[in-house]
Each structure stands twice: as C-alpha cells, then as structure tokens.
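Just passing along the structure, written as structure tokens.
A, B, C and D label the chains in the order they appear, each numbered from 1.
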Amino acid sequence: MTSNRLEAFSDGVLAIIITIMVLELVSPDQVTLESLIPIVPTIVSYFFSFIYIGIYWNNHHHLFQVTQKINGKILWSNLHLLFWLSLIPFSTTWIGENYMEAVPVALYGFILLMSAIAFYILQRTIIKSHKENFVLRKAVGTDSKGKLSIALYTFGLLISFLNTWAAIGIYIIVAIIWFIPDSRIEKNLDKTKKGVPPAK
Amino acid sequence: MTSNRLEAFSDGVLAIIITIMVLELVSPDQVTLESLIPIVPTIVSYFFSFIYIGIYWNNHHHLFQVTQKINGKILWSNLHLLFWLSLIPFSTTWIGENYMEAVPVALYGFILLMSAIAFYILQRTIIKSHKENFVLRKAVGTDSKGKLSIALYTFGLLISFLNTWAAIGIYIIVAIIWFIPDSRIEKNLDKTKKGVPPAK
Amino acid sequence: MTSNRLEAFSDGVLAIIITIMVLELVSPDQVTLESLIPIVPTIVSYFFSFIYIGIYWNNHHHLFQVTQKINGKILWSNLHLLFWLSLIPFSTTWIGENYMEAVPVALYGFILLMSAIAFYILQRTIIKSHKENFVLRKAVGTDSKGKLSIALYTFGLLISFLNTWAAIGIYIIVAIIWFIPDSRIEKNLDKTKKGVPPAK
Amino acid sequence: MTSNRLEAFSDGVLAIIITIMVLELVSPDQVTLESLIPIVPTIVSYFFSFIYIGIYWNNHHHLFQVTQKINGKILWSNLHLLFWLSLIPFSTTWIGENYMEAVPVALYGFILLMSAIAFYILQRTIIKSHKENFVLRKAVGTDSKGKLSIALYTFGLLISFLNTWAAIGIYIIVAIIWFIPDSRIEKNLDKTKKGVPPAK
C-alpha cells in the first residue's frame, strides 16, 4: 500500500477544515466600519487556526514524504489526528466569540493538545512500522519539539483558568516554535539522497 | 479507464462527508463547562460516524487497490455507495440530539444498513467485471463479514424500537468487526506479488 | 499544459457540489416516523440532483480522458460548466420545498438547461482545439444526445408553468438518456488503441 | 520536495472557496419570479467572485507549472494567498446584500487587494528560490500586470467611499485584465522546451 491515497484524503480533509471555518464569519447587519469590530476577534481566531492547520499540513507533508509503507495502524493513527483537527473549527468559533472566558480558551488548548498528542502517536507508529535505519528515526531523534509542545499546551490549558491572555500567549509560542517546517527531516532526507549517511 | 480519478473523486466526497458533520456542532451560548454537556451526545455520535466513514474509506481503498478496470456499472455502484454514506451526517445530527428515541436510532441503522448493502453490491460488481482468477474473488470468498454486517444492522434497526441502547450496542459491534482493515485482500495481494498462488 | 490538474480541481468542485446539498437536510424537531414525511421531497430532489451531478462527473471523466491538451479557452469553458452546476444545490433545496410550484420547477430546469449548454460548449471548445483526426470528433459526431437534452430541458422548463409533474417527468427522461455513460467515446477510444480506424 | 502535494492542497482549498459561496444563496420563501429578484445581487456577486477565484486558480496553475522546487517560504507564501482568498466568500455575501454601501464595497476591494499582494509575494518568493536563468523570471519581467492590479484595487477601494459603482467598475476592469491566462509564462515555457532562448 502506498501513501498516495492516504495523503490525498488527508489533504482533502485538511483543506476542508481550513476553509469551512470561514463559514462562521457572518456578515454584519449594518454597513459601517464599526459594524466590523465585533467580528474582529472571530477573524483573529480564524487567522490563528489557519496557521495551526497550516503547520499540521506542513509537518504531515514532511512526515509522509519519508514514509515508505502504510499499514492499518498508520491509517488509523492518521484518522485519529484528523479527528482532533476537525474539532478546531468548532473551537475556533467559540473562542472567537468568547476570547476572555476561561472555558473556551481551555477547550481550544485541549483540542490543540490532543492534536499534538495524535501527531506524536502517528509519528511513533510510522517509526515502529519501519526498519532500524529509517531516516525518520534519525531525523526526529528524541523529538524535543513535539514533547515541548505537549507540555506547553497542557500548561496553557491549565493557566487559562487564571488568565486567558497568558494561555493564548502560550498557544502562540507553540505556533512560533513550529512555524519553521521541520528542517531536521528535510536535511536528513537530502543527506540520504546524496549518499551521505544520515546524522546520528 | 483507470481507477485513479474514481478514487480521487470518492476521496473528495468521503473527506467532505467526514468533515461537514462538525458544522453541526454549534458553540454553546454560555461559557461554563456545564454548557458543553448538552453537546456531548452530538460529539459522541460525530465520533462514531467518523469511525464508520473511516472504515468505509479504508475498505474502499483496499477494494480499488486490486481493481484493474472500471466500467459504467462499477462507477454507478460506487456513486450509489457514496449516496448512502452522504446521508450519514444528517442522521448523525438527528441521533446526536435524540439518542434515546427509537426513530432516529432506527434511521441511523437503516442508513448504515443501506451503506453496507451498497458496499456489497459494489464488491460484487467489481468481481463480475473481472476474470476468474481475479485476486478479489479469492480474497473475499463468501464474504461472511459483509453478510454478518447486513444481518446485524437489520437486527439493530428492528431492535431500536424496543431498546435504543441495545441497537446502538449492535451498531458498535459491527464497527469493531470492521475496525481491522480487510487483511484478507492485503494478504492475498502480497502472495500474488510474491508469485505464491493465492489461498483458495 | 496537461489535463491532470484541471481534472483534479473539477473533481474537487463536483465532490463538494454533490455533498453540500445534504447540509440542507435539517433534522426534524420531532422523533416520529411521521416527522420524516415533510423532508421526503427534499431527499427525493437530493437523490435526483445526485444523479445529475453523477452523470456530469461521468461524462466529464470521459471527455477529458481523450483530451490531449488544455488551453485558456478550455479552462474557462470548464469553469463555466462548474458555475452552472454549482447552482444545482440552491435550486435543489428550492424545488424540494416547493415541488408543486411552477417557478422553482422552471428554475431547476433552467439551471439543468444552462449546464447542458455549458457542457456542449466545453465539448465544442475541446474539439476545436484539437486536430482533425481527433478521436472525440468522430465519437461525438453530430451529438444528437446533447442537442436532444437541450431541447427537452427547454420544453420541460416551459411546460412547468402548465404542469409541474410533466416538467419533472421530462427532466427524468433526460437523466435516463444520459444514465448510461457515453459509450461512443469509450468504443472509439478502444478501437483507436487497437489500431482499428474509428467508426465514421 | 515536489510541488504536487502543494498543488493538490491548494486545488482543494480553491475548490471549496469557489463552491461554498453558493451556500449563502438562501432559497426564497415565496415561489414567484419576483421572489428571486432580491437574490439577484447575491448571484451577481457570486458570479464575479467565481471569476476572481477562477483567475487565481488559473494563474496559480501557471505559476507552479514552472516551479521546480518548493521550500518552507514558498509553502507559507502560498498559505498566505489562500488565507486572503478564503475571505472572499464572506465578503461576497456582504457585498451581495449591500452593493450600494461604501464599507462592504471597500472591504471587498481590500480583500482583492490583499490577495493580489499575496500573489505578488508568492511569485517573488518562487523567483528568489530559483536560479538566475529560471524561466519565470524572464516570463514575469517587471510584472506590470501585477503592479497595475495592486494600484487599481487600492484606487477602487478608496473611491468606493465616493461612488460604489465606480469602485465596482474598477474591480471589473482588473478582472478583464487578468481574464486571459498569463500567456507570457506559457510562451516562454514553450520556447524553452523548443530550445529557443526565452525572450528578454
């Protein structure tokens, strides 16, 4: 089984997730510049969710570029990731309307946390299904970036009950950490192609 | 005619079906943890429908991996399957809001039943369109799994008028039966590739 | 320019059109079997629109299978077709709620008519962009099927102001005419491949 | 990294953007021809947005046809473009309902302007990531068409506060300028293939 159709299906789901959020942007009843102000938080939350989905698409792309075979476990780990990501639009609408309230901010963090854990599981599952000298194993290493994200999301989700702005700040820090695509995989992949043994 | 474009189109439809269900998750008016409780059944029903669509995508993937040619009959059998699957989001919303009522539970079972029958027809149509030594024919055999699903869905749909929880339990049993991807096809395909004659 | 990406984009649009119609199926407030009766016309109209889109996907598939090159004119003729097809969900909802009223039935016929004309234009544009011995030219011939559809839709749309059932009957006749995929192209394509000169 | 998956993902997002606008077309409560009149502006605005998205899909297609490699910067420039384009449905609904009001017309122009700037940035990013004799560099040249669009959108957006029809007229002029696919790239690409050095 090749990864082509799994990638195509995931691309479809991610494209829909990233786009349907905009359906929640309801055009204002009035036609003044002021009437746009109430939807600014919704647009801002849409903007951030767009970036989060973009980061996942990016990393998903990198992950399956090196994946050589697909089995049932990888397939379901992938669907598990897509499930949590598919809840982002719902949570985005809620946080957009209530960005100063603890529960919506905590729920947003919870869904980001579960997505991060799902991505971690997917990565582990792919590594386990491949041989020892698999390029991803070397590239990911201890995956400190993935573990740090999980820790930060947990921290942000808890702190949202004390201060929502602090929680949102922490979520944004994770986005910045991941904004740059995972160059570790790309570098190792390039080395392998050139016949140079991948870095340990 | 190759199966590439049929698979791409089906992937698109399945990706949309699996994702638009989330549009029915309306963010609560209040911002307490308690305000999330009323939407828990909707999320749970979404979760199960997600798994059902995932199983169909999985089996669809396996089916067309071995399909060598496409004709008009296969094409319409495939659209017939997609039609019934496309009704799952509607039924999911209804059962999510009324999981203790007989009619929504029965309707959910009915749509799952029709989807199972449509998949069975699609499989038969593909087998009939191929030659005698076609790998799928050997792999599927008497298709006891498919027939069992149809029997269980019929039973669940009828029993929902007596006890909705029993009906839901039966639907979940079918999901568990199918959760593991159809290893019969994969094994036979692998054998064929390796030059070993497929099992009878 | 190859037709791959044009086909992928069209597949995406058609997959969305065929699926979003189901979003209009609103789950009933009550939970009796009777409460499903008011949505039966909507489901029936959804069923027919599903078949119409299926036919167009089918014929679109056949058309681009033989298309060897894409230019700007073909691209815009294709988008023109997608535009009219994208109005089918809107019209389907309206006719589903008012299947005994002249204007919704006429509008449905009008959109089917414009789609048929757009498909005819697309076919002509593709033929004009290819050389004389192009397989599609021979296969399509005088395209009596296409011209008949346009005549029937015009007739149905006009008759809907007298009798909506007669108009709906005519629309269904066109669907039956097209239900079988365009075997003319397939046969000619097969012949060409086998070195046999295509039928005149 | 090849551009295949980036193109597939972008196709998915563009297909959704171009199609979901139709969800805003609410079927009228009444069934007279007159009842369709209030939704005519919405259909007209949908028609124009359809053309704008079509133009972007077209130019995007041309752009990535010549792009030989993808990196993180190109990926995020592409997502940046998709973000602005994804706001077109929201803006289309608003302008459709209020086409004689300054703010919705200005907002529509603003989103078109930001999309044009995003496309310009994407083009620059791709050129910078390739070598000196890259075909796109020669083809695009000083990109007077891109710069003119940005100037016209800015002008239209400002003038909308004086006269909405004048602003809409300017937006349509930009659409006409871009309606013809970017033949510069196509011509240069053809020349390069034929071994003729591309025009300076």
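Quick note on the criterion: a residue touches a chain if its C-beta (ideal position, glycine included) is under 8 Å from a C-beta of that chain, and two chains touch if they have at least 3 such contacts.
Note that this is a predicted model, so its numbers are computed, not measured.
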item	value
Superposition of chain B upon chain C: rotation angle, C-alpha, nearest 5 degrees	90
Numbering shared by both copies at the chain B-chain A contact, with half separating same from different	different
Distance from chain D to chain C - Cα centre to Cα centre, in angstrom	27
Distance from the mean Cα position of chain D to that of chain B, given in whole angstrom	38
Shared-contact residues (touching 2 or more other chains) in chain B	8, 12, 15-16, 20, 23
Complex contacts: residues of chain A adjacent to chain D	7-8, 11-12, 14-16, 18-20, 22-23, 25, 27-28, 31-33, 35-36, 47, 50, 54, 57-58, 61, 65, 179-181, 183, 186
Touching residues on chain C, where the partner in the complex is chain D	1, 5, 8-9, 12-13, 15-17, 20, 23, 72, 75-76, 79, 82-83, 86-87, 89-90, 93-94, 97-98, 101-104, 107
